[in-house]
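In order of appearance the chains are A, B, C and D, and numbering begins at 1 in each one.
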Amino acid sequence: ACGGGGEAAPAGQSGGGGGSDKLTMGFAQVGAESGWRTANTKSIQESASSAGVDLKFSDAQQKQENQIKAIRTYIQQKVDVIAFSPVVETGWDTVLLEAKRANIPVILTDRSVDSTDTTLYKTFLGSDFVAEGKKAGDWLVKDSEGKSEVDVAELQGTTGAAPAIDRKEGFAEAIKAAPQIKVVASQTGDFTRSGGKQVMEAFLKSNPDIDVVYAHNDDMALGAIEAIEAAGKKPGKDIEIISVDAVKDGMTALSEGKINYIVECNPLLGPQLMDLAKKVKAGEEVPQRVVTEETTFTQDEAKKALPDRKY
Amino acid sequence: MTATLPAPTLAAAGARRPRVPTSLLPVVATFVLFVVLFAVGSARYENFGSAQVFVNLFVDNAFLIVLAVGMTFVILTGGIDLSVGAVVALSTMVAAKTLQAGLPAALVFVLVLVIGATLGLMNGLIIHHFGVQPFIATLATMFLARGLCFVISVQSVSIEDPTFRAIATGSITLPGDVYLTYSVLVALLVVVVAALVLHKTRFGRTVYAVGGSESSALLMGLAVGRVKVGVYVISGLCSAVAGLLFSFYMLSGYGLHAVGMELDAIAAVVIGGTLLAGGVGYVAGSLLGVLVLGVIQTLISFQGTLSSWWTKIFIGTLLLVFIVVQRAISGRRPASRSTGA
Amino acid sequence: MTSANPSSTPAGPAAEPAVEPVVEMHGIHMDFPGVKALDDVSLRLFPGEVHAVMGENGAGKSTLIKVLTGVYRATAGTTTFDGRAVRFAGPGAAQDAGISTVYQEVNLAPNLSVAENILLGREPRRLGTIDGRAMRAAARVHLDRIGLRLDPASTLGEHPIAVQQLVAIARAVAVDAKVLILDEPTSSLDAEEVAELFRIMRVLRDDGVAILFVSHFLEQVYEISDRMTVLRNGRLVGEHRTAELSRLDLLSAMLGRELTTLEEVGRLAEQAAEQAGGTPVLEARGLGRRGALAPFDLKVAAGEVVGLAGLLGSGRTELVRLLFGADRPDSGTLLVNGRPVSLRSPRAPIAAGVAFCSEDRKGEGILADLSIRDNLVLAVQARRGWARPVPRRTKDELVERYMRMLDIRPNDPDALVGNLSGGNQQKVMLARWLATDPSVLILDEPTRGIDVGAKAQIQKVVAELARDGMAVVYISAELEEVTRLSNRVVVLKDRVKIAELTEPSVDDIMHLIAQHDPEPRLEAAS
Amino acid sequence: MTSPDLPAPVERPAGASLGARVRGSRLVWPALALLLLLVGNTIASPSFLGVRLQDGHLYGSLVDILKNGAPIALIALGMTLVIATRGIDLSVGAVVAIAAAVTCTWIAGSPDPTSASAALTGMAVAIALCLVLGLWNGLLVSVLGIQPIIATLVLMTAGRGIAMLITDGQIITVNNESFSFVGSGFLLFPVAILLALVVFVVVALLSRRTALGLLVESVGINPEASRLAGLRSRTIIWTVYVFSAFCAGLAGLMISANVNAADANNAGLFIEMDAILAVVIGGTSLAGGRYSLVGTLLGALTIQTLTTTVYTVGIAPEVTLVFKAVVVIAVFLLQSARVRAAFARLGRRGGPTRPVPRTAPARPVAARPRPAERVSPS
């Protein structure tokens, strides 16, 4: 086993970072694969600078191994806190163990890890994708009351991506409550507008009687809207649309009545993260799990909320 | 008297040859550039110029080293293997799932290696016997392998097996508190074995001959078919080994692991001075190629202020600077006489 | 229709050694799409003989060899080897069975060392790994055997084609084979090397090896072979004892007509000589390139043929490449018709009317995947630029004219040049340049690997062109050819121009080269 | 220099019957693959071939295939010429993203984001920039002599970064009818496919009516021989990269106009692979030389049909890739000379068998005249 640790400066209060009391945080972002992710990054960068945190940021270009490498270099650089968004739950034990040995506390954002050893990280700040899917399903169940048959087309996120898997799962669980709701077509649209549009175009031809579209994110919903319009139907009326995220374009469509319901998935984790980091550094106790404040929007709520949306 | 060729020709031929074989120049160039990059990093960033940072290049890229070695064989014959990244993913997935099902680790190793070699064999047979172009045959295999991952499971699967974990988390401490993983040893072993095979066996030399001119190799009576199929089997096998190393690294199996890693492997091989046309190159070069890619990434992490897009632009730019400088160092040496000036 | 030709000596028992043939091919047919390369051909090869296969370019010699060694699978016919019916799966299998082959064109790995090229597939091994030192030592022995002093560790591709050809021969004779096949092994070799090769062939023959030999040099064939098989247009014309077939009979058997062209060449050359002179069309002043060729001066006037002579590797190819801008000189200037021409690329020389046929036909000449038509108009097209395609009519005219003038076969402009025999490929290259109507024509080994008929024909064309006012620079390994055609001969040695002789004899040139050497090595082949 | 005298692929069986000619043409196989896919779709969903008129334009699955296939077809056209010169262009996806980013950012930032003039200038600026990017690729390949796959990898990596830099990592949504028209507009037929067709016709005319086709093929078959024949190999190679970038840029406009947004992260992601696949399915060899534009077009439509099939037939996302892999392998095995020979033998059992030279049926990449970098003299 590694005999390290003995010499590693305790990264506690006094900090090894050259006298200044400024907190240094290493943040390993997954990538910039979507507008959502970009908003997430921005929020973290902005709140770091306003909170006086010295942020070391690295973009892993969608590759987990790069994220691991980045965390390793943060350990080498002896930062005060490491934070990262593990889009995949698995595979973090080794590197987290290294961080632990080097006495660097770790905060998870956005998504948790599946490790049984909960001492590997201090806290987890983020949304619950399964819950998001459930919220979407619950709304549909309520909306479908009294209807005899509701055919749903599902636009899945990138195959294998955690939000895609969980939102599908949560939704499926919720609609069990209403047997008249059936998912008649389900296909990946890769979380993109083009994908959503192409898939929806094909669905409209192979399943002309679709009543509802459930999209795993706003972008695919926006693509689907274009396909529905091109087919001569009215999105939001002839075909109802439910989606997740609540980005600005999505909210606009919602307020225009083209989407019926959006479950928020908030990317603005920055302020909460900086707060937690400071507490961790100060040695304060923090809860193991901090859920992001998230809500849902109906068309009316969207109209009200839209003017102050930040992203 | 035995008539001989006029002396001048021989003298000329002898005198003309530079001390370093021309084909080695790119490797030397890569090495020099690697040293320069590392020195720049050490000068610019605190803690960069440490033994551990250097060793981490191996720790973090052991799988890529193995992948690049397999790719070197293929490229030396003038082929290409796009399926390697997907085979890595499939290997992690198979390992994770079978371990979850309770198979002993040793059996899992064997199983993964067999699958990798089989996919490689499939590539080789399609390419050699049916004349399908390597780029395309292996592209199809790439779809297939990745597809199989998802068929096995869409989710990522954690590896909990104690043996596996022990190997994965185990490390060797060198003097100076520098540690490295077992994967590094495996990767270095693969490099050494590959170099031996390429330079010291009939198979290896035939690899070069096929890359030099396939039709000539055929007319020379060499086992072209066996070699052409063989390099894809080797590449498949290396992908499986890399997949196992990757499983150690990630301790999980996942269909989206190693996306695009084939391009990293190809880039490493080419940066290492191997010609895509085949026939010229060394595994040592490929190893250096991986290290160069690794240093670039480490530089970016230490810089720590690059946005996602500047990261991409920076990688692209460094790649460019690298290729151009390498080109300048190794020059436009004629590889053969008619390559004329 | 089939084998026997009434006019030739019938292949009777008289022509046959008193042993069983080691190879017997019977009724071989080989069809390529659109081409019948072999039509009911038979061949018998006896132990302890040198057997020449003769025929014009495209007669089917190489194809017959490739059928024998399993490169191609015959459409019909049988082959027995050592008394057993065989059908080799590929060159490897034939080699394993004891047939060692040097195919036409060098077929080696240019990226590997000389030693490896000789021993690849049968390297000395120790503990399962190749023993590099033993391999180099063994290679040196094989090289010595054919009189080639060469560093076995050097890369093959760095050596000129002639050396590569010798290495290929070394590879073939390095094994104890029952049958040795040499398809035009001597096309790049000079007299000495040929003599050396023949010495080895005789040793092998006396050991009982059956040797199949293809060459377009009649002298060589008569010197070395015991029997010959003559092909014409893919058909068997006859099988003869060499001693019993006169050269004239052989030629008419090969060509199916009389040969007069060569005499004509001499006459034409004289006519041209009378007209030559005046202002030089091409003038090089101090042209040179470090490491390749010492600066030299050269003038070529309209209607003049200047030959380049020198030993293998003396710098002839280098010289003409500089004249054409194929390589960039680092000193000197070139004037064409009195005007300086940029040598940064071949484009300026081409525009000024210079044309160049490279000695490396496959590597630098033909475009194998394109048709005769496309190959032929390429240089004309390049000069016109992409926007002005050669009109279909002009194209047809050019193709028609030059295919007829040079007798390019098959007579199908749409045939892919890669499928033509070597000689015809050479003619297509010549046609490509003639079509540009150049004022200076540079030919580097235009007759290498070409049959007597075509060779004479090309020389005749050159002589005619000179008579009509073209300036020609001509390289050939055959000094007779150079002296016959040239008004002046530039002699090169060690990549330095050492002399310029007017109408020299072959002896003059040989002596000159020999004099410049401390210990003369040139001796007539015995 | 030691180059093969192996048989070259059969191009034109002289004097062959029409049937044989059709069987021998390299277009048969992509066409057959496309046909089989269409048949499969029709069986799975009988309305598949249905096309009706809606709001003055055609509507139906076939129309979708044409519209969605247009960008791939366009990029594949550019790729065909690049491949014909023995090159490859991995940067097309990044160029797509840049074109999309520039246009949408321009339109969104203009005084009147809905005006036709904003759209037109935005598109013009984008295309101009793409031409510059093509010049860049061409410079690396033809002047600096860098291996194409690596040379274009530089822009593949950095280009997407540039696109994100332009959009600040956000998806830029625009609302401009003139712009939409390029991606989802109709002139009875989808405008996108019409544009692709125009480019196709122009290239086809250029390569057959001018000497470009011959010159491009020559450079691809033997760069050194071409140089010595007086061709401007360097300029030609340079030009094809510029053209490829132009095609990618135009495709980028289509892709973004189709969804009225620029997504710098995802626009054109992995499209280079689809394009290369289309070229090869169409019968053009990656080893350079002879190319077929019609083949490429068929190849692109085959790939798009495959994608649409997945959606229409309802293949589960988990098995989509396996399905695609199986189809692609099947198509290439069909094209393989060996399999065809086997079929032919089955077809006329007993008859005289065609001589199949024992050597590799397809001209192997490595069997080219070696020195690959002789294009550019130093």
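Some points to look at:
Criterion: contacts are C-beta pairs under 8 Å (C-beta built on N, C-alpha and C of every residue); 3 or more make two chains touch, one makes a residue touch a chain.
No experiment lies behind these values; they were computed from the predicted model shown.
When the C-beta contacts at B-D and at A-B are tallied, the pair with the greater total is B-D.
Chain centres here are Cα means. That of subunit B falls 29 Å from that of subunit D.
Mean C-alpha positions place subunit A and subunit B at a centre distance of 34 Å. Inter-chain spacing, taken between the CA centroids of subunit A and subunit C, is 71 Å.
Averaged C-alpha coordinates put the centre of subunit B at 42 Å from the centre of subunit C. Touching of two or more other chains is recorded for residues 32, 38, 41, 159 of subunit A.
Across the assembly, subunit B contributes 150, 154, 211-213, 215-216, 218-219, 279, 307-309, 311-312, 335-341 as residues in contact with two or more other chains.
Residue numbers of subunit C whose C-beta contacts span two or more other chains: 71, 90, 103, 106-111, 157, 326-328, 360, 363-364.
Contacts between chains form some other arrangement here, matching none of path, ring, star or all-to-all.
A complete list of chain pairs in contact reads A-B, A-D, B-C, B-D, C-D.
The residues of subunit A lying in touch with subunit D in their complex are 32-35, 38, 41-42, 156, 159, 185-188, 190-195, 197-199, 201-203, 205-206, 219, 222-223, 226, 230-232, 249. Contact residues on subunit B toward subunit D in their complex (touch as defined above): 77-79, 126, 128-137, 139-144, 146-148, 150-151, 154, 210-216, 218-219, 263, 266-267, 270-271, 275-279, 307-317, 319-320, 323-324, 327, 332, 334-341.
On subunit B, the positions that touch subunit A within their shared complex are 45-47, 50, 52-53, 56, 59-60, 149-150, 154-159, 165, 168-171, 173, 177, 179, 246, 249-260, 297-298, 300-302, 304-309, 311-312.
Only residues 45, 47-48, 54-55, 59-61, 64, 68, 164, 168-171, 173, 184, 255, 258-261, 263, 265-267, 307-308, 310-314, 316-318, 320 of subunit D touch subunit A when the two sit together in their complex. Within the complex, the subunit A residues that touch subunit B are 1-4, 7, 26, 29, 31-32, 38, 41, 55-59, 61-66, 68-70, 72-74, 76-78, 88-94, 97, 114, 158-162, 165.
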